[in-house]
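In order of appearance the chains are A, B, C and D, and numbering begins at 1 in each one.
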Amino acid sequence: MHPEKQKHAFEPKIIAFVCTWCTYAGADLAGTSRMQYPSNVRVLKFPCTGRIDPVFILKAFQQGADGVLVSGCHPGDCHYIAGNFHARRRFAAFRKLLEFVGVDLNRLQFSWVSAAEGGKWVEVVTDLTEKVRAMGLMTEFKELALEEQWSGTIDTPELKEAYDQI
Amino acid sequence: MNSKLNYAYYPGCSLHASAGEYDLSTRELFKELSIGLTEVPDWFCCGATPAHNVDELLSLSLCAKNLELAEQVEGDLAVACAACFSRLKFTQHTLEENATKRKQVEKAIDAPVKLDGKVKHLLEILARDLGLERLAAAVKKPLSGLKVACYYGCLLTRPPDVPNLDCVEAPTIMEDVLKAVGAETVAWTHRMECCGANFTLSRPGVVIQLTNAILDSAKAAGADCVMVGCPLCHGNLDIRQKEIEGVYSTSYNLPVFYITQLVGLACGLTADKLGLGALIVNPMPLLKEKQLL
Amino acid sequence: MSRIGVFICHCGENISRTVDVERVAREVGQLPGVAFSTDYKYMCSDPGQNLLKKAIQEQKLSHVVVAACSPRMHERTFRKAVEAAGLNPFLCEMANIREHCSWVHEDKEEATVKAVEIVGMMVERVKKNRVLPTITVPVTKRALVIGGGIAGIQAALDIADCGHEVILVEREPSIGGHMAQLSETFPTLDCSQCIMTPKMVDVANHPKIKLYTWSEIERVEGYIGNFQVTIKRKARSVDEDKCTGCGVCMEKCPVRKIPNKFDCNLGMRPAIYVPFPQAVPNTPVIDRENCIKFKTGKCGLCQKVCGPGAVDYEQEDILIVEAVGAIVVATGFDLYTIDEKPKGSLIKGYGEFGHGKIPDVVDGMTFERLASASGPTGGKILRPSDGKEPKQIVFIQCIGSRAREKGISYCSKVCCMYTAKHTMLYHHKVHDGQAYVFFMDARTPGKSYDEFWRRSIEEEEAVYIRGMVSRLYQKGDKIVVMGSDIAVGVQVEIEADMVVLATAIQPQKGADTLAQKLGISYDKYNFYSEAHAKLRPVECATAGIYLAGACQGPKDIPDTVSQASAAAAKVMTLFSKDKLEREPIVARVKEAGCVGCFYCKKVCPYGAVEEKEIRDRQGNLIKVVAYVNPGVCGGCGTCQATCPSKSVELDGYTDEQIVAMIESL
Amino acid sequence: MTQPIDTSIYAAVTEAIRSEAKRILSEGQVSAIVGYAVARRKGSAQPIVISDAADVSKLIFTPACVNNLSVYLTKAKKEIPKNGKIGIVVKGCDLKALVGLMGESQLKREDLFLIGVPCAGVLGSVLQPDTELTSDTIASKCRECGERLPQGCDFVPSVTLPATPEQEQIYAAEIARLEALTPAERWAYWKEQFSKCIKCYACRQVCPFCFCEQCLCDRNKPQMVETTPRPAGNFAWHVIRAMHLAGRCAGCAECERVCPMDIPLNLLNRKMAKELKELYDYEAGFEVNDKGPLASYDDKDDQSFIK
C-alpha cells in the first residue's frame, strides 16, 4: 500500500521556528489531513514571527541544526497586526549577515504558511529537508565548537613550553 | 538664487523644419533671458507619435539613446516640442519601472540607460526654474489687452504620473506664464482636447473636425489668439485654419503663437527675431491693433 | 528540583498506531526532573483528566507535560485540569505528538524517536515556566460614542438600552448625520427622516444617554476599561437648559442669507439657527462668524426676544473630562468634492468637469436635498442656476471611486444604488424628463438591490450608458456631457440641463487627527482599520475601541446599523464583567537593565509601551525606562526580539524557555 | 602613489574651537566641554574634558584626533541633566553617531552644544602619531567619508575645506572581494579573523551604541552566547554585535581601531549598512530619525527570500 520507505545514510536535523496562529496551525492541518513528510523537523512555537530573535537561529545552528526554517503568517494576516512585517525586515538583514560570514543560505529557509496551507507546510519542510540532506552535515559550527582557544599554531619554543606546562 | 541657468537643448525634428520659428524664438528668448542653451550634439528623431505604435522597443531605444547623448551636455534637458517631451518622459518612466525592457534597450543602444537627467519642457523652465517673478521682471512690453486662449493639447500633461508637468486635467502653467508677462487668458472648454495631431496627412477629415471644435471654442470664449507649446498642434491650428474656415463657412482669424513668441514679444524682441513672419494666419494686424509692435 | 509529570496519550489509536507510547513514557521518565511518567488511552477524557489530577496530588508534581494532540485543541482543557488540582495553569505544557508526529509519519521507529524528542523538548521548556497570575483590569461601565449619525445613534441606543451609561458626542449642532439629509432610502423608498427622527428623539429622551452636540474630542488617555476623555464643548451662545426651542430668535434674526450646509448650501439660514427643523436637541446655536452682535457689538435682537433668557453671548468653550471604559467611533463619511485639489494631494480632483464651477453640476447629496420634501425646493427638482426644471438630466457614477489615477482605488459601494434611486425620484417628479446614467458596472449585492436597480431601467425608463465621461462644459444654458458608450463603441455627447455626480465616499475631514488622539490605525485614505478584516471587523487593534459605520469603509444604511449594533454588543461583552480578565501572556520590562532606547515602543503594534520615570526618594530622576501596559499589550513579543539588552520579556515565551528547547535538541 | 592631504585648516580650526569654547564656558552656556588635547607622545592627541575657561588652550584638532568622543556622553548621560549643557567637539562621522543616539532617546539635543569640525581626515593608526596625513596614512573610514562638514551644529569654524584627492575605497573594495568568494571561503576568512579574538570587549567599550547596562552577551539566564574566548563563542559574539548595530552604526570604525587583535570589525558594520541602504534606502545621517530601518517596515518590503 505504502511505497517502501527509502533509508538514507544521513538524516539532517531541521529546526523550525513558527508562529502559533498561521504556520503552527498549518502544520496541524497537514496532520489532520494525514499528509506525510520527513520526520526530521522539530517545531518550536512562538506567538508571532515578531518574537523570533536572530540569536535563536544562530543558537540552533550551534546546537547542531543542519537546516533552520522560520515561518509565519502571510503579510497582512498577522494576528498581531505587524509582527511579521518587523520580522521580515529583521530576517532580511540577518540572512545577509550570515551569508557574509560564510553560512550557506540554502540551509536557512523563510516562508509564509497560513493556517489553511497544510500542503505548503509539507512542501516547505520536505524541500528543505531534501535540500539539506543533499548538502550533507553542516560541519562549520560543529567544528567551531570543537576547537580550542587558538586556531593559530603554537610555533615558538616558549609558547610550546608554556602550553605543555598547563 | 542668481546662478546662471544652463540647459542641454533637444529641438526635435519639427523645429528644424516646419516649426523653424519655434526654434528661432526659443534661442532668441533664452539669449535675452541669459539662459544658457547648448544643442545636444548628434541628436536625432525621438520617434514621435508613430514609432511607439509600430515598435515599442524601437521607440524606447530612440529616446534612450538621445538621453544618453544629452548627458554630454551640462544641465537638464530642455525640450520644446510636446511630442518629444512626452516620448522622452515616457521612456524614462517605462525604463524606470520595467527592468526587463531596460535590459533590452541597453542591449539595443549598446550603452547603459541613464535616467537621472531631468527632461524639462520650456514651460517648466520659464515658470519654475527661472520663476514667474524673474520672468515678470524681464518684461519690457507687457502684453496688456491681449486675450489668449492657452492650448495644451493632449501630450503636455497626460497621462497621469508620466510627464508630471502640472495637474493632469486642469493645468494652469501656461496661464501662469502668460499672466506673468501681462497677457489676459481666457477660460475656455477645449484647451485639453486633441487636435488630431499626426492624422494631419492620413485622415485630414478627422483633423478638420477636431481642430474646428477647438478654434470654435476659443473664439466663443473671446480669445484674440491661441498659444501652443507643440509644433504638431500649431500645424493643425495655424496651417489648416484657412481650410477649416472654408469647410465650415466661418471666419476665425485667430493667430496661433508659440509660447516663446509671446513671451519673447513681451521681453522686447522684434518680430524678425521671433519669426512672426512665418505664421500662416497673419498676426501683424492683431499685434498692431493691441499696440504690441 | 522540579517534579515533572509526563502524560502520554494514545488518542485511541491515533497516536499509538505509529508511536510506541510505552517506550516514549519509559524514555522520557529517565530525563532529569521527571518524577512521574505514564501513558493512557484518552488523556482528554474524564478518567484521563482525573488520572492527571490524582498524579499531581499524589506525586506532588510541580510541572506537567501532556503529550497528545495540538495545544490548539486541548491546551485549555489540560490547563484547567491542572488548575483544578491546585497548580498554576501555566505550569502545564502540551507536546504535540499527534498532528506533528503520529499523523504525518508512517515509520514507527522514526515517529517514536521524534515523539521522544518533542516530549523531551517540552520537558526542558516546562522547567523554565513560571507561575503566571491571571491579569485583571477594572472596567468603567460607561461608553463613549463619537459621532451622532445613524451609526452612533444605533450604537448609543443599544448600549443604553442594556442599562449602561453612554456619552454621545457630535461635532454639529444636531445629531442625525448624513442620513437626516437624505430624501428617500433604497431599496424601499421610505422617507429617511420618517425613520430617522424617531431614533433621534429616543436618544434625546433616553435617561442613560448624555448628549453633547456642538462638541469635539480634545484628548483621549488611558486604555481598555479605563479611558479618560476630554471633550471640548464649543460655545453655543444659547443655554441648553433654559432654551425651550420656540424658535422666535431665529424668526427675528436680521441676518438671513447664510447658505445652510445641511441643505448643501442651496437654502439659507439665519445667524442663530438649528440646521433643520427636526434637529435634536432643538436648541439653536449662534454662528459667531456671521452674527452682527459678534462682528460689530450691535444688534442683540435674539437676546431681547428670548422669553426664557437663554441667549448668552458670554459663553465660552469649555473642556470636560469623562471616564469611560469603551469607545465606539462612528464618525462617518464626507463626499469627495470635484473642486480643484491642492497640489501634492493624494486626491487629484476633476478639473475637466469644470472645477465644480458649473452651477448645475451637483453632487448626489445636493440632489437628495432637492428631492427632499423638507428641502429648500420643497421636493421639486429645480436646477440651482435658474430654478428651471431640468428635462434632460445626466447622472455620472464612480466620480473619484475606482479611479486609481485620481488617487482613490476603492469602490464607494452605495453610488450604484443611490443613483438608481435618483433616477426613480426624478422620474416620479419630472414625468416628461429623461435621465441618463453613465456607469462602469452596476454593483447591486444586497437584499432586493438588483431588483431595485432593474426597476430604474425597466419601469422608470432611465437610460444606462456603459462608459465614462471625459469632459463637461457649459454651452449656453446647457451642459455638454462628452463621454463614450463602450458597449456600442461610439462617442456620445448629451446636452443636459443638469448633471449629478455620484462622488466618492471619503472619511470625514480630520479623521486622521482623531485617530491619532485615539491611538488607532487608519489606511492611506484615512479609513479606520479594523483588527482583522474577516474575524474582528468591528474592533480596532487598540483594545476597547470599536468601529461603526462608514468611518471604517463605505457602507449603506443596513450595513452601518448592523455594524453599530455589533459594536454595541462588543461593548456590552466588555461590560458584562466587573473586571477584565486576560491571558497573562504579556511583555514585562526588567527595569534594572532597561536603558530607555525605546525600540520596544517603536515596534509595538499596540502602542502598549509607555515611558516611565524612575526617581530616587528625593524625587531626582534616575532614568526613564519602558513600561508595558498589561491591559493594552497584545502579546506578540516583537518588543523582546527587538530589545538590544533583552530587558523586556514576554511571559510564557521567555528566552530561557526557548533556549532550553533549542538546547534540548 | 602617495598623495599628501591638505590639513592646513586644522590650525585655524583649533583656534576657532578654543575661542568658541572660551565663549560658551565663560558665558556659562555649558558646564563642560569634551574635546581633544595634546597627549604625551609627540603628535599624539587624547580626549579631555574641560570645565574651566582657562583650560581652553588645551583644546586642539589634528590628524591624530581619531576618537569618537560621543561615547563619553553615553556613559555619562545620567549626569547631564544634573550638570547642565555639555559641549562636545565632533567630526562629521562622530556627529552621525550622536544623531543616532538622539533617535534612541539616549541624548537630547537641547542638552548639548555641538562644536562641529570641518575635517579632511584623520590618521588610520596612532601608533606613530607624528605622521603626515597622506593617502597612505589616512583612516579607511575617511577615504569613503561623505560628511566632512558636520551639519546642524551650534558652531562650525568657518574655514574652506580643501579638496581631497580621490582615494581608494578600502572598505568597499574589501566587501566586494569577500562577496565574490564562495560561502566556504568566506567562512574560512572570518573563522580565522574571529579566532584571533581575545574577548577583551574593547570594541563594545568604545562603541557609542553599545550603551546597554547589561549586555545580552553577558547574561547567563539563559546564556545566549558562550563567554569564553573560544572560536564558537567569538563567532556568536561578533555576529550578534553586528546584528545589534545594523541600522544604527554610524561608521566611526572605532571598534576596529581599538581592536588589539586587528580584526576588521567595521567591515561587518559597513556590510550591514550597505545592505540596509539597498533594501530600505536607509543611511545614517545628520537628521534624527524616530525609527531606524529595523524598527519600521513598509507593506511592500522585499520578500523575495521568503517562500
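Operating definition for what follows: a residue touches a chain if its C-beta (ideal position, glycine included) is under 8 Å from a C-beta of that chain, and two chains touch if they have at least 3 such contacts.
Given the structure is predicted, the values throughout are model-derived calculations rather than measurements.
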By Cα centroid distance, the chain farthest from chain A is B
Chain A to chain C, mean C-alpha position gap in Å, rounds to 39
Distance in whole angstrom between the CA centres of chain B and chain C is 50
For the pair chain A and chain D, the C-alpha centroid-to-centroid distance in angstrom is 34
Chain D touches at least 2 other chains through residues 216, 224, 294-296
Note: chain A residues in touch with at least two other chains are 54, 59, 82, 86, 90
Residue numbers in chain B touching two or more further chains are none
So the complete set of touching chain pairs is A-C, A-D, B-C, C-D
The answer for chain D against chain A in the complex is residues 178-179, 183-192, 195-196, 216, 224-225, 228-232, 235-236, 238-240, 242-243, 246-247, 268, 271-272, 275-276, 279-280, 293-299, 301-303, 305-307
Given the complex, residues on chain B that touch chain C span 159-161, 167-171, 189, 192-193
In the complex, chain C touches chain B at residues 340, 343, 348-352, 355, 405, 471, 473-475, 480
As the complex stands, chain C meets chain A at residues 70-73, 96, 98-101, 103-107, 110-111, 113-114, 117-118, 121, 521, 531-532, 541, 585, 603, 605-606, 634-638, 640-642, 650, 652-653, 655, 658-659, 661-663, 665
Chain D residues touching chain C in their complex are 78, 81-82, 104-106, 211-216, 219, 221-224, 244, 290-291, 294-296
